[in-house]
Amino acid sequence: MSDIKKVVLAYSGGLDTSIILKWLQDTYGCEVVTFTADIGQGEELEPAREKAKQFGVKEIFIDDLKEEFVRDFVFPMFRANTLYEGVYLLGTSIARPLIAKRQIEIARQVGADAVSHGATGKGNDQVRFELGYYGLEPNIKVIAPWREWDLNSREKLLAYADTHGIPVARNKRGDSPYSTDRNLLHISFEGQVLEDPWVEPNEDMFVMSVSPEQAPDKASYVEIDFEQGDAVAIDGERLSPANLLARLNQLGGENGIGRLDLVENRYVGMKSRGVYETPGGTILLTAHRAIESLTLDREVAHLKDELMPRYASLIYNGYWWSPERRMIQQMIDASQAKVTGTVRLKLYKGNVSVVGRKSDKSLFDPHIATFEEDFGAYDQADAAGFIKLNALRMRIAKRLQG
Amino acid sequence: MSDIKKVVLAYSGGLDTSIILKWLQDTYGCEVVTFTADIGQGEELEPAREKAKQFGVKEIFIDDLKEEFVRDFVFPMFRANTLYEGVYLLGTSIARPLIAKRQIEIARQVGADAVSHGATGKGNDQVRFELGYYGLEPNIKVIAPWREWDLNSREKLLAYADTHGIPVARNKRGDSPYSTDRNLLHISFEGQVLEDPWVEPNEDMFVMSVSPEQAPDKASYVEIDFEQGDAVAIDGERLSPANLLARLNQLGGENGIGRLDLVENRYVGMKSRGVYETPGGTILLTAHRAIESLTLDREVAHLKDELMPRYASLIYNGYWWSPERRMIQQMIDASQAKVTGTVRLKLYKGNVSVVGRKSDKSLFDPHIATFEEDFGAYDQADAAGFIKLNALRMRIAKRLQG
Amino acid sequence: MSDIKKVVLAYSGGLDTSIILKWLQDTYGCEVVTFTADIGQGEELEPAREKAKQFGVKEIFIDDLKEEFVRDFVFPMFRANTLYEGVYLLGTSIARPLIAKRQIEIARQVGADAVSHGATGKGNDQVRFELGYYGLEPNIKVIAPWREWDLNSREKLLAYADTHGIPVARNKRGDSPYSTDRNLLHISFEGQVLEDPWVEPNEDMFVMSVSPEQAPDKASYVEIDFEQGDAVAIDGERLSPANLLARLNQLGGENGIGRLDLVENRYVGMKSRGVYETPGGTILLTAHRAIESLTLDREVAHLKDELMPRYASLIYNGYWWSPERRMIQQMIDASQAKVTGTVRLKLYKGNVSVVGRKSDKSLFDPHIATFEEDFGAYDQADAAGFIKLNALRMRIAKRLQG
Amino acid sequence: MSDIKKVVLAYSGGLDTSIILKWLQDTYGCEVVTFTADIGQGEELEPAREKAKQFGVKEIFIDDLKEEFVRDFVFPMFRANTLYEGVYLLGTSIARPLIAKRQIEIARQVGADAVSHGATGKGNDQVRFELGYYGLEPNIKVIAPWREWDLNSREKLLAYADTHGIPVARNKRGDSPYSTDRNLLHISFEGQVLEDPWVEPNEDMFVMSVSPEQAPDKASYVEIDFEQGDAVAIDGERLSPANLLARLNQLGGENGIGRLDLVENRYVGMKSRGVYETPGGTILLTAHRAIESLTLDREVAHLKDELMPRYASLIYNGYWWSPERRMIQQMIDASQAKVTGTVRLKLYKGNVSVVGRKSDKSLFDPHIATFEEDFGAYDQADAAGFIKLNALRMRIAKRLQG
């Protein structure tokens, strides 16, 4: 283990990654560089700097990546109307490749030969981090402490902290908390009572949204403008990607929107139960589908829908930096050239309802679609031939094969 | 046109199909047999018999197809978690193949050489009916009056009715109403103000559901039991397919669940705007996904998700009786052997939330998934090799192709 | 019919399109502009000019489109390793969108309000032409004489020619010949004895290739260089796209390569039997797959393979100018950035065998792939974890579902 | 390692698995049961019994699995026209799940707690064996000596053999040979000079086929009868699955058919170069596609083609016993109900050419397909409406989006 000289650790400043920081120093006898990313987790990050200094860390990186996160990761993903297993908006999955990328950039900058993260050996995040590391820097060394050490229970972790003088906040002493992950797109909850998929979570667990019951008794309306597939303005106010998503989170959270309770299939082969809050993302998905419904060709839309589950799996499984994800992305991005216009939504106690959509690029032709007289825009007689030829193979089959 | 002797007409008893009935008699000089199906449209059907008699119809068929509709059409479709264009539950599409099938059966029984329906030349229903007719009986003749006659406006239709002594209810005299289609799965609305996709429909349009605002202020909980992919009981009470769906409609309708406002792509090549109420189906889809999440293998679930958009298009486009729809169905049905268990849902003002799921066939293994000590059920070290080999191709590519 | 003033006819100079020319003049009383494309059909085109003049045509277009055909249509299609129904190289299908595009360009240039073609109402070509016309110029009028006139037998056609003074070559008087279509990519044969799929075609039917039996007894070797997915040189000699394909046709034809006897499914709903010669294209497909095998990522290659049948159907069915074909093309083209290198092939009596491939962009890493000592390039122990986690879901299922 | 009591070894009787046998006895101190399968590798198997006895093995299984291999593995795979990466017939991949299944059956029968195989840690076979073991018997222990021991070079292996008194045939002393795998479907070659993908293999390497040059100068014709997708007779003689495939191997081998030289993508993440002889399988694939071309619905055939690459990857990667492979198989098998009839093939110096196909279930309707007068079987005017409606969305898009 002595051949690692410098390691860049993805460091949150919390208890677990503080223990990892110390453990790396002790176990590998190497210099640790900390990297803390602000991707909208809603915590003060300066304390992470102080803590890192206390461990003698000399190179400390604290980066605000919120705009990059939404612009280059969240928005491209939403262009595909991405849902994992029909319902999950991939809030955790989509943040990992950005962290991996920045970590590798820092490793190059500081001349580190290794990177490390605090994800466990059972979850998806280890895969997402490491496929990112290896894909971007094939010779990097990866240290995954949770797969190496024997601190495989809460008691052992706390004992290690006490032995090594790592401060433990009082509220971390008791029962193990939910395992959570938060960023500008969502917050996730796993573990504890959620390990029984029959048990409903407590209301006090939720963070980003009020319950539908607690939401206002009166609906809010909101209009979102899209340009080439990306949301650019809310109620006419142009906003940066991160500010736009933050605004949607506020609107969604206030109206009890975006909670999800799910049993999902992890890439490592097991099922797990997670609960998510994705208030802004839930609004955004609905709005994006609505503007596409008006501006996108039918067959393009259907092809996107058929490829989406695979695209979602690629992101969920950690293949953001893979050539196949990039290949699909090029197709998706190309499809969005005319996805421009405005969607009007009603938000009410957990519901996001599309109530209007308009666009200069609309493919909705009222002269053709009308139930009224269309003055020859559409010749109904054409439908007879259309049906006859589409039926032909079935008619022949029925005659010849019975 | 004189070579048609007897035609079976899909007859609702309403104004349009009454005009068609008369028009067929006059134009083709043939005998008309009426067929009226009860698929849960919530109307008295006996008046259709009286009307048909008034037109001199001798063979009148009025069939209750509600159980067959839900058992053999709705339920198989829900096994695939079917949504057209991401959101639409295909309430109209799924009823057409049943009507076509029964109409062909009657044509054989009464020795008719033709069938007829009241769908227009602009919509999907003509395709669904006729692909069914041709697929089941390749030599049948099809009469689609809307594509043949020149009664292409409301005024001309009413004039025809008046001229031919067809009674017109007073409320049908004014503005043309919404075009609607209702059955046990849903009701649809098209036309009128909906032809502007920016305009929100009026609250008084809705039929099967109260608005979320009008729904009770207190959540309801419901448990649905599934066996091999199909719902069989609600809150422990075993129900026939049609009764079960009716109960879900009641629960969903009371709680403001299942409204959808959509711009969709018709098979005939145009976009149209529709509004739907599918209260029970919305609950059923959520519940079915939840029981699958616990009992279905990951790769099977993902494969189903990838094929679903195509399966949905097949149904939407009218290919229920095609060999490719049957082929996909066999795969879907085979996947459901272990999809058995119970889902607990919370219904509240438009929201359907999964709050629990359990099954004797559960693939959720808490001993493996736990964040706590797992006593060797899962060896975290395995993940290192898993990641390394999954990354290998990307590492080689980065080294050799840069 | 009097509202058409000027029509651009796709004119080969042969009997059928000469009859059409006259029929258009007589039936529509309109001016006819002829357009004859050289796409490598191997015929003198100047006679078409003379004939058109004899019919009084004032605007005559004869364009050499061979380079555009190969560069912008054939090569993009081969980037996808495109085969329709597993075997057919789409030689006819890929030429139609080019002709349609040029025909529309001419229509705009000469101010024509209509276009016309000589494809029958039973085949795929009418669809390919007309989807191209409509997709590129939505308001164009289309005249398809075979669907309009009553000259639906060989006798009637010849009678029409005689009546209207259209010269008929002596060898066209007898039995109807094979229906053929030829361009730089292939020649097709349909009709006559081929209408019985059990009957083997006569050797004297073939045009572009000798039979394997007649090919040389000694193998030829050829090396093809690729750059970004396209062939650019043969045996080190850089060639333009059309010249390269012509050279491959020569090599393939001499060596008895590229014959195919097929029952295929037409878009209009019937099966038909065709025989094809595609000598150069058969070599090209094999070579392209070989260079991809060395330079393309596994998952990208597999994704291409999964989308290929749909892409092939789009081309076969005439949707070259559709948004969904363009969308898939963008993905395919993006995949080819590193598909550069050299393939060595052995040509022998109908066989095309890859015997070598090399590339500066090769992803084949002999240090890793070797069966010999690899000095740590690959850690075999990684495979254990890889397998264990990939097996996990199946182990859990066996334990919990039996 | 002392907790393993009895292990079932997949034992060929060759040097490598003899070394493994001894190594298992020495390293694990456990009883070894040998299992040798006859899947048509063309070797005497009784010597394996003698050798096993010499190592003190008490329970020796030698099973003739040829019929099961072809009937339950090869034939189902050919129903899908399966090709990995466009060209490879999966001869090795398809044998592994059968061996794994039988090995697990024996383990249950003899009360073994472990199984072992001789596949290396770099290849696909380890995955195929072990996914089979785990999928069928989730608690089985697996010993993969190549991943555990340090005999990672030819020299060390020979030294181990000499030290432990394992006889080494003289011709095994020199250069390492090609790595080969043979069964009734194919033989594969890897390693040695093949590790350079630019080098053509020597003619003397090949085993199952003569070269095209050495094949007869006169073509052979053969007729294959199919019933529900499986070949059942050759030239009218009904044959068992294994005998039929053996006969096709003989015909193909004599005529120089079925060689393939390939760079392929292994599941473990690297590219490798393999050369294959699959004489009978190459004929069978061509014949099966031909009978399907006559009897299978277009959309069913296309759907099969789209799913095939994934199905092929599942087999290649070792997921034969997975639920998703079984699910796809059910769909494929269901598609074959009418795939019955006769195909006539010409075999000549490496070429397999379809020259005829016929079937009582044929969907080829000459009355409709004919270029001659069809007396109303097909109304060409229908095509106009068919094209118009298929073009509609593109026309609207061009008008509204430009």
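Letters A, B, C and D mark the chains as written, and numbering starts fresh at 1 in each.
In the analysis below, a contact is a pair of C-beta atoms (placed from the backbone, for glycine too) under 8 Å apart; a residue touches a chain by one contact, two chains touch by 3 or more.
All values derive from a computational prediction rather than experimental measurement.
Student: For chain A versus chain C, which are copies of one sequence, does the interface use mostly the same residue numbers on each side, meaning over half shared, or is it different?
Tutor: same
Student: Between B-C and C-D, which chain pair is linked by the larger number of C-beta contacts?
Tutor: C-D
Student: Centroid of chain B to centroid of chain C, CA atoms only: how many Å?
Tutor: 40
Student: Take the average of all CA coordinates in chain A, do the same for chain C, and state the distance between these two points in whole angstrom.
Tutor: That pair's centroid distance is 43 Å.
Student: Please compute the C-alpha centroid of chain C, do the same for chain D, then give the distance between them in whole Å.
Tutor: About 32 Å, centre to centre.
Student: Which residues of chain B are in contact with two or more other chains?
Tutor: 265, 268-270, 297-299, 322-323, 362-363, 365, 368, 378, 381-384, 386, 388-394, 396-397, 399
Student: Building nodes from the protein chains and edges from chain pairs that touch, which of line, ring, star, complete or other describes the result?
Tutor: complete
Student: How about chain A: which of its residues touch chain C in the complex?
Tutor: 265, 268-270, 297, 299-300, 303, 322-324, 326-328, 330-331, 334-335, 389-393, 396
Student: Would you mind writing out the residues of chain B in touch with chain C in their complex?
Tutor: Chain B residues touching chain C: 295, 297-299, 338, 361-363, 365, 368, 378-379, 381-386, 388-390, 392-394, 396-397, 399-401.
Student: List the residues on chain A that touch chain B in their complex, please.
Tutor: By the definition above, chain A touches chain B via 81, 85-87, 120-122, 126-127, 130-131, 134-139, 144, 146-147, 152-154, 176, 179, 190-191, 195-200, 212-213, 217, 219, 259, 261-265, 268-273, 289-290, 293-294, 298, 301-302, 305-306, 309-310, 313, 321-323, 344, 346, 348-351, 353-358, 362-366, 368-373, 378, 380-384, 386-388, 390-391, 394-399.
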